Amino acid sequence: MENKQKHSGLTGWRKKLHDIIFEAETPLGKTFDVTLLVLIVLSVFAVLIDSVPGIHQKYGDLLFMAEWIFTILFSIEYLLRIYTTFRPKKYIFSFYGIIDLLAILPTYLSLVLIGSQYLLVIRMLRLLRVFRVLKLARYVGASHVLAIAMKNSRHKIVVFLEVVVTMVVIMGSLMYLIEGPENGFKSIPLSIYWAIVTLTTVGYGDIAPQTFLGQLLASVIMITGYAIIAVPTGIISVEMAKAKDTPVSTQICPDCHYDYHDQDAVYCKKCGSKL
Amino acid sequence: MENKQKHSGLTGWRKKLHDIIFEAETPLGKTFDVTLLVLIVLSVFAVLIDSVPGIHQKYGDLLFMAEWIFTILFSIEYLLRIYTTFRPKKYIFSFYGIIDLLAILPTYLSLVLIGSQYLLVIRMLRLLRVFRVLKLARYVGASHVLAIAMKNSRHKIVVFLEVVVTMVVIMGSLMYLIEGPENGFKSIPLSIYWAIVTLTTVGYGDIAPQTFLGQLLASVIMITGYAIIAVPTGIISVEMAKAKDTPVSTQICPDCHYDYHDQDAVYCKKCGSKL
Amino acid sequence: MENKQKHSGLTGWRKKLHDIIFEAETPLGKTFDVTLLVLIVLSVFAVLIDSVPGIHQKYGDLLFMAEWIFTILFSIEYLLRIYTTFRPKKYIFSFYGIIDLLAILPTYLSLVLIGSQYLLVIRMLRLLRVFRVLKLARYVGASHVLAIAMKNSRHKIVVFLEVVVTMVVIMGSLMYLIEGPENGFKSIPLSIYWAIVTLTTVGYGDIAPQTFLGQLLASVIMITGYAIIAVPTGIISVEMAKAKDTPVSTQICPDCHYDYHDQDAVYCKKCGSKL
Amino acid sequence: MENKQKHSGLTGWRKKLHDIIFEAETPLGKTFDVTLLVLIVLSVFAVLIDSVPGIHQKYGDLLFMAEWIFTILFSIEYLLRIYTTFRPKKYIFSFYGIIDLLAILPTYLSLVLIGSQYLLVIRMLRLLRVFRVLKLARYVGASHVLAIAMKNSRHKIVVFLEVVVTMVVIMGSLMYLIEGPENGFKSIPLSIYWAIVTLTTVGYGDIAPQTFLGQLLASVIMITGYAIIAVPTGIISVEMAKAKDTPVSTQICPDCHYDYHDQDAVYCKKCGSKL
């Protein structure tokens, strides 16, 4: 009852705008969401190619204009979202609310700080909504399982990272002592960087041990390191096996923006609002 | 009954040809299949060595001729397959029907488009039939389990890839800002390429961060990235554990080309035709 | 009773000091522990930046002094720990007792052996206590699970390492024979180093096969090696799935320094002392 | 009874020799086995360092002599093994029988074929017996579990390798077409080698895509490849979880050389001989 009143608290066209922007049930809402996704992809693409010297020289002005048009469109959308939501503050400080803001800021910032317009790629994060917007419940469910597994393994991952950081600092320092600046290990921080590159099996090869002792220690790091680096896979596999694999609803609570509801849920399980 | 009529609808020698080409029960059918596998391996091998400059100079003409002989043989085989199958359309648009066509097209295409003959290596895909042709039920079963596990993890893999793509775009852009064109990060697309090379732990080393801040961010990408990249292994391990591990029949339905029948199946479970 | 007597065997202020240094229940004990963690981080950080040529030139004297101040502080702390513990010998030869000693030795050693002060980074190991000190039972539990999983997989890891070492020695020798010194494989030990770099998928690229046969063997090492290197992940995943995931107490037995007690434990399960 | 007769068929000192060489229960047998392990390690070590130019120049003659002494000792041991075993043929054609022969052949071969003495490192394989010889039942059990897991996953690994080989051939050919010889992709076989280096995440960097299209395809190979390459880990994890983890006996059947007996086994489960 209380929720109903709150909902009907919005006047006619404001309510309509809300349904178009936040819901994707009506044809107009669906069109709005898909258009938005296309615009986001285009605007990120524009930033990417603008950084290519050849393209920048030729189409720089055009892309600069496009950037401003996209930004103004997204700014209007952001303001409308605030205006038509039931609880503006909840939206502004929600995960997607912050991203929506960050997705327009860099253009304005680029007036003061040259180069900051490249940060516009943060708009990519808005695409994380794609499965929910397109009503693909299977994918929303899958991302839920992944999120749960990551969340449940966070304690073990933190402990693991602590051990890894301790290892690379000590190994890096040892390599600095063994190889020294004359073999490319110019300082301990750089040697630690090398140890990380080696332990994660990335192995750029810009720095590589030259002395026998250095290669011996590097071999030890690689082999024993391989056994240790297998740990995160083990952690996540186990958590993944535990996480329930059920499709969830693609609805978002209009009130508190909580977004993992069961498919048969009628009321939000966090705040009791009608979905 | 209906199926029987359809089968007997083929006249004598056409029926015989069908049994030789599509079945591997009779000695002649077995010989045909094994010969085919050998020819495919030889023809792919010819394409591979023809691309080596030294060999091309010496044996180029010979290999060119061989290529055409193989293609004509495979073309005849392809036409015979269409002619002797019960439902030509089903075969033409089936997975292996398309591959069989793609395996002969590039040679004809090379008359117009120079270089396209190298695409003949697509013939390799025909070898995927090897276990079924050689009646190795254990391997057909194993590939079935792998296929099931991959299929069941597709939603999670897509979500995972979306997150990875978002990450590399943002990380690549940040590295472009930090390192800049003077350190090899010439454009954002190239920096994204670097981020992919780093996150997947390939690490060519043709582009590598030079500044302290760049190396710091690269370290963060590598270490946290390692935890994230462990995810697909977790996903597939879990699905693999779920997939049933039973040997399946090596028979293909003559009618609808469905190919995973239980070992004691007498009728196709998809269309009811007698196997 | 016996334990009580032992505890009360410490005189007033010695008992107080013990509670500050070894316990973290009282406000003073907590402050002491947190200060210690901050000092350790700072002292390691000082060693790291002191190795950067530019910084060493400018702030070398300052950092040298800081190093001695840190070392003297940690030396006092080490002596106090010995003085205020119930069984000094147990502490001295415990895991953390040895680390606490190793964390001060390099500075004194650097008076005789130039360069050894870089080994001070071993102080990092003292940070492994961070979760226990900050009373984060979840993380202590997580590290317990990881430790158990690693411990239980040690037999399999050792067998695995034996096979890997055998493989890289044989593969390295073969590559030395195939590629030879003229292609960078200058000796068998160096070729073995290359084999380790390849098998662990690090791949620096400072040494890479140049001949066809060498690249063929390298491909075999990489592909089959990949299947084999998947083994440690399998081992650890399985052990991780078995290990119980319960938060443990952050208490350490004052008497025998055993440190994995259940959360409701009142007496040490190893020596019976009151916790 | 029959076995007893066979055993007692060996005359006194031949029986004694057998017990020393094949068993490790008596002090003499134990001494023999440990001496053998030490000699193997020393002889492999001699081969390794002999390949280092500096050492070869100085100690080449000494190491050459050592090589012959080791080989003669191992040859005598090999002949004694044949002479004192119950069924010489079974031993000669058993896994370790073949390795024992291969471990002495290269030295004799080096009289004809220069360089073949480096193959002596194959002696490393003899060390695989180390856990059995040292009666470390836990490790013998662990290697049994690993062997079982590898054996049970062989069908899936073969299918997986077939898919990987097909992929790298097609991807390599595509890259050859896109990048061409001018960017280092000199032939299709070399491009396939590059594809293997990339797919296994080794990434030497000696060959790397230069064109935009090439880097795009390389990115696709890396990202999707990463999902595919997670498969062997999944396969082995699952099989590892299934394999029973019981310590097995370190005994070898004197008759048929079968070597995985339960700890309480009195008779060989393969041939019925008394252990």
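In order of appearance the chains are A, B, C and D, and numbering begins at 1 in each one.
We take it that contacts are C-beta pairs under 8 Å (C-beta built on N, C-alpha and C of every residue); 3 or more make two chains touch, one makes a residue touch a chain.
Worth saying up front: this structure is predicted, and the values here are computed from it rather than measured.
Novice: Among all other chains, pick the one whose mean CA position is farthest from the mean CA position of chain D.
Specialist: A
Novice: Do chain C and chain D, two copies of one chain sequence, contact each other through the same residue numbers, with over half in common, or through different ones?
Specialist: different
Novice: Out of C-D, A-D or B-C, which pair touches the same way B-D does, with over half the contact pairs the same?
Specialist: Going through C-D, A-D or B-C one by one, only C-D repeats the B-D interface.
Novice: If you fit chain B onto chain D using the CA atoms, what's the rotation angle, as a multiple of 5 degrees?
Specialist: To bring chain B onto chain D, one rotates by 90 degrees.
Novice: For chain A and chain B, let me know how many angstrom lie between their CA-based centres, rounded off.
Specialist: Spacing between the chain centres: roughly 32 Å.
Novice: Chain C: which residues touch two or more other chains?
Specialist: Counting only residues that touch two or more other chains, chain C contributes 160, 165, 189, 192, 201-205, 233, 235, 237, 241.
Novice: Please name which positions on chain B make contact with chain C in the complex.
Specialist: It comes out as residues 201-205, 233, 237.
Novice: So in the complex, which bits of chain C are touching chain D?
Specialist: 155-156, 158-160, 162-163, 165-166, 169-170, 173-174, 176-177, 181, 186-189, 192, 198, 201-205, 208, 212, 215-216, 218-219, 222-227, 230-231, 233-235, 237-238, 241
Novice: Under the definition above, what is the set of chain B residues touching chain D in their complex?
Specialist: It comes out as residues 44, 47-49, 51-53, 115, 118-119, 121-122, 124-125, 127-128, 130-131, 138-139, 141-143, 145-146, 149-150, 157, 160-161, 164-165, 189-190, 192-193, 196-197, 200-206, 229, 232-233, 235-237, 239-241.
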